[in-house]
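Two complexes, one shared chain (chain A), two partners (chain B, chain C).
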Partner chain A sequence: MRFDAVIIGGGYAGCTAAGILSDAGMKVCVVSEGLSLSVSGSKTPYAAQSALQKRGVTILRGDRAVGAKVEDGRVLGITTRNLGPGTMLEAPFYILATGKFFSRGLLSDKEHIWEPVFGADVEYGADRTSWFDEDFSAPQPFMGFGVKTDSSARVYVGGKALENLFATGDIVAKGCKEANVTKLIEDYAGRE
Partner chain B sequence: MTSKEYDVIIVGGGITGAATARDCALRGLSTLLIERGDICDGASGRNHGLLHSGARYAVTDREGAEECIRENRILRRIASNCVEPTEGLFISLPEDGLDYQANFIAKCREAGIDAQAIDPAEALRLEPAINPRIIGAVKVPDASVDPFRLVDAHILDAQRHGADIKKFTAVACLVKENGRVVGVKTAAGEVIRSREVVLAAGIWTAGLAREAGVNIGMMPSKGALVIFGHRIANMVINRCRKPANADILVPGDVVSVLGTTSDKVPIESCDDMRATPAEVDLLLREGEQLVPSLAQTRIIRAYAGVRPLVVADPAGDGRNVSRGIVLLDHEERDGVPGLITITGGKLTTSRLMAEMATDLVCKKVGSSAVCRTAELPLPGSEGRKPSFEDPFVERAAIGRHGTEVSRMDFGKGGEILCECEHVTRAEIAYAVEHFGVRNISDLRRHTRIGMGTCQGSFCIRSVAGALAEILAPDPESAARLADEFVSQYRQERWKGITPVLWGDTLREAEYMQKVNGNEI
Partner chain C sequence: MLEGNNNLEQCLKCNLCTLVCPMMEVNPDYPGPKKAGPDGERYRLKDPAFFDYALKYCLNCKRCEVACPSDVHIGDMIQTARILYGSQAKRKGLRGLRDWTLASTDLVGSLASPFAPIVNGTLKLKPVKSVMDSVLAVDKHRTFPKYSAKKFVNWFRRQDQSSFSKFVSYFHGCYVNYNYPALGQAFVKVMNSAGYGVHLLEKEKCCGVALMSNGFADKARRQGEVNLASIRKAVAAGEVVLTTSSTCTFTMRDEYPDVLGLTNGDVRDSLMLSTKWLYEKISAGELKLKFRKNFSKKVIYHTACHMQKMGWQVYSIALLNLIPGVELTVLDQNCCGIAGTFGFKKENYPFSQQIGSKLFEDIRRSATPDAVVSTDCETCKWQIEMSTGMKVLNPIEIIAEALDR
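Our next item is the complex of A and B:
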């Protein structure tokens, strides 16, 4: 399936990006697994996604990205759990907006934190004792963990920024750039 | 104005002090128990909640094992409402071999502990969660005990037999006159006199004794534990080998507790015990040998307590030191009359410790009253539990408070505020009235509020509101108090969450940060 943009994550960040892109006339696909911390409840995310659908955005509700095809520093497509390995979602560019831990944009075990779709480089403390502050109400370091992006919000994988993968929302590490969607429209409009 | 002189003042509101206060009161002594915080604030509230059968000590400490099985039988009888007769399994893995098991069974039987070898396949049918690689299993009469409930029951009974209980009152020092201990001085400067003072303050005993010129070599031994989000096994699961780290998994109400470690720690650290990430990693590594699914089980929190071990030689790691009961007659030992120390021992043997201490108090004050604590049931465990026409709401309260539930006024609100543990508004009112609850942490110790699988995530605001309404003089200060309760509660829980902050726990932590509006 081909689109002008594929957005992974249907929370506040993903839906906002989808809205701006579709307003610019792009054919957008959003993969939305479900629970989001950024938009609370059930009614509000449903209303937002329904509004997008009315504007022609394709929303894969209750689905999650499970794999990505990457070649020569470019994402060629992603696969989802529900569509299966035989169906590739393809677009000139992709936006990663899967949030942090709650929404499973980031996974963790005792020693590691990782991003499961692309294996993106995640910024986090090497020692688990540095993940938190003892004071509950103090700023918590783990709330700043996320994927590393370059100055154009391109996501780093294996130390190199992928050319057409951008990130926005909670998944982006503190201090790193979030995707400028208006700029993406300028860069990609009319390319395909 | 001089306050009354007691026969005995007991310092410390853990299980040892509470059981001693009960015994003294039952023997007709005028008794005061004094505790700096709430009951169960030290090691009594920070352990496995395991009622030992004695099997764990059968090989290494025959005397301790015999004490355990005797007391185990007594507590099942007198504290039936605090004990859940789960039974226990000692499992052998291939690397443990079966030689230890053979010796273990023989030693258990010598100590009077009913230890039955069962087929590994039968053990797996009883407890499917245990490591399927087991080559042997032994069934023993271990059980689960609720330490908070047990201490509460002792305190209630002591009070009903005339004892005075002063909580939230720190003892600044012992008062000595002409070389004799004649009472205690509180932090507020009040002097309370007594014929005998019994120190039952766990690891904090050493400091009080030292001030009075008595040296007790105490070694704080830290034990860290991890709580899992559900009941993984219904029996107590032990490893059948020489006692080591993380080899016991105990079911307690709706959760399971894995422990423990054993490390010598500085005495200064005992006021702020917390489990560390390194201890949690060690517990899990070892615990997964007992029950492999622990690796995938949601962890609620980790905590740590301090065993008050008494040593002649303060070297070693604390596991090879005897955990036996230590009763010190400081008149005999140090030439300081009026002072007695009772320490060491275990939760399981607390009644016996109290009996020994009270026997000595009676000898000193010239009483010939005999001990009846092994026969008389504790409040909540007396006879048949009451039944309700509409049992749903009250069922959990009966489980916690047993026959005492008849003192609860459900007219004060039958709605459930804590969903996990089914705590009602009426139970909160009861806890305030009968246990002098002042804040959420106190309430947790007396009702299990927020101790279930959600750890207060969903209920804490309504619970805080209900408690504040009872405690505050007007609605405005109630609102302020409720906010204070919520942040105190969150901070206290956070202390137990940080050592296990990964996976699902990290997901929940992000959620809690957002819910509380904390921003980076």
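Our next item is the complex of A and C:
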């Protein structure tokens, strides 16, 4: 299934990006797993998704990106749990906006933290005791963990930034760049 | 609970499931998916006496599972609890007879079909409806799906499919066979024009969804075994098994293993809705459909709950968009409220209509006199036709109508 952009993650970051891209006339697909809780209320992302859908955005609600086809430093497509191996979601560029731990953008065990869709490079302390502060109300270091991006917000996988995979929202590591969606429109509009 | 399927510990108590539960909105007696599912399961595991009979209100729409960020099998837990602990709640007397009649789609279908004009006429009569309402507790406001005088399989037997070299198998389901052969005929037309012959399964039984929700899980399991055996034969012969009903498909792919404990992993990927198969074949360039140039139709697409759970509405929508002359509106996903046999029961009818009201309102807002509603679920079709007066077609019917020739 071909789109002008595929966004993985349907929370605030993903929906915002989808809104900007679809306003620019792009055909957008959002893969949205279960939604996250938020201060503004859990109904807000639903309302956003519903508004996007009315504008022609394809929302795969309750679905999960499970695999990515990457060749020569480029993402060629992603597959999802529900659509199965027979359908590849393809686009000139992809935005990773899956958030952090609660929304399963990052998974962890006692020693490791990883990003499940692309196996992107995650920045986190090697020593587990540095992940958290015992003072409950102090800023917790693990909240700054996330995927590493370059100066154009392209995501690093295996030490090398993938050419057409960008990250935005909570999943981006503290201090790393988030995707400038308007710039992406300039770069990609009319390419295909 | 099925071993390995009980992941109640993954529940973070976020209540997103509660937010999307359609029953929760209209019925204060229903504890909601979180309490009925993972919370209640914790107690039920200790002592089945904790089983709450209000679980009967669960529509099994699975919207809770779609919303859950932690993949908790909320709906499966509720279904399983009803099967394991709710059997003593199986109704006795006339309501028990009603549940059994509503659940036995195969048997009732074969009995009613030969007398279709009489049965259809009788079921429309006000006095008959009143008696059914007061004696059997089948709500008098409900319109029954009409029975067809000619079964789909009888029509199909006279269709020559021998000229084809490639074949697909078709699981038609009870509704196509006893009530609405037109959909099966549309399916055959589409497949034939795509260059594929159609085979029926060696033996086909009702998928069992109505049996499961009415407390007849053992019978559902036996029927599931028959279906899976036939599906295996078709798959072994190199054929994909296609369907035109989202709920039958969902039941056989997901409820069989998750609720009934049947193993289907070997054939699950070969069993799918025809719109998914068609779309994937078309986009791989392996198949072409030729559409009429002068076709024009305004279509309002409703995503059935089980369709949303499978996530496959994208295929039906994409196929409808391929037809030149189709002007498509996609509605927000809302439950129509009928939930199979649930909405036929007198005690549920008001909930059913209240739940559906959001969808009906949406449809009325998008409707023009020449528009049709399209959905992949037959019970949504009954509910929408009865409640809005709009004509409802399966996407396959619209495709068949738009085909050149």
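The rule we apply is simple: the second predicted complex is superposed on the first by the 186 of 192 C-alpha atoms of A that agree within 3 Å, B and C clash if a C-alpha of one lies under 4 Å from a C-alpha of the other, contacts with A are read in each partner's own complex, and residues count from 1 in each chain.
In the analysis below, a contact is a pair of C-beta atoms (placed from the backbone, for glycine too) under 8 Å apart; a residue touches a chain by one contact, two chains touch by 3 or more.
Because the structure is a prediction, the values reported are computed rather than measured.
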**Q.** Combined model on chain A where chain B meets chain C, clash or fit
**A.** fit
Q: Go through the superposed model and pick first if A:140 touches only chain B, second if only chain C, both, or neither.
A: first
Q: Figure out whether A:131 sits in contact with chain B (first) or chain C (second), or with both, or with neither.
A: first
Q: For A:27, decide between first (touching chain B), second (touching chain C), both and neither.
A: neither
Q) So, A:1: does it touch chain B (first), chain C (second), both, or neither? A) second
Q: Once the structures are superposed on A, label A:102 by its partner contacts, choosing first (chain B), second (chain C), both or neither.
A: both
Q. Thinking of the overlay built on chain A, is A:42 touched by chain B (first), by chain C (second), by both, or by neither?
A. second
Q.
If we overlay the two complexes on their shared chain A, which of chain B and chain C does A:177 touch? Say first, second, both or neither.
A. neither
Q. After the two structures are laid over each other on chain A, how near do the C-alpha atoms of chain B and chain C get, in Å?
A. 6
Q: Would you mind listing the overlap between the chain B footprint and the chain C footprint on chain A?
A: 37, 102, 104
Q. Which of the residues in chain A end up touching chain C in this complex?
A. 1, 33-37, 42-43, 46, 50, 53, 58, 60-63, 80-87, 102-104
Q) Given the complex with chain B, which residues does chain A contribute to the contact? A) 37, 100-102, 104, 107-110, 128-129, 131-132, 134-137, 139-140, 142-144, 174
Q | Residue numbers on chain B that touch chain A, as the complex places them | A | 276-277, 281, 284, 487, 490-491, 493-495, 498, 501-503, 506-511, 513-514, 516, 518-520
Q: Show which residues of chain C lie in contact with chain A when the two form their complex.
A: 12, 14-16, 19-20, 65-71, 269, 276, 279-280, 283, 308-312, 314, 317-318, 330, 332-333
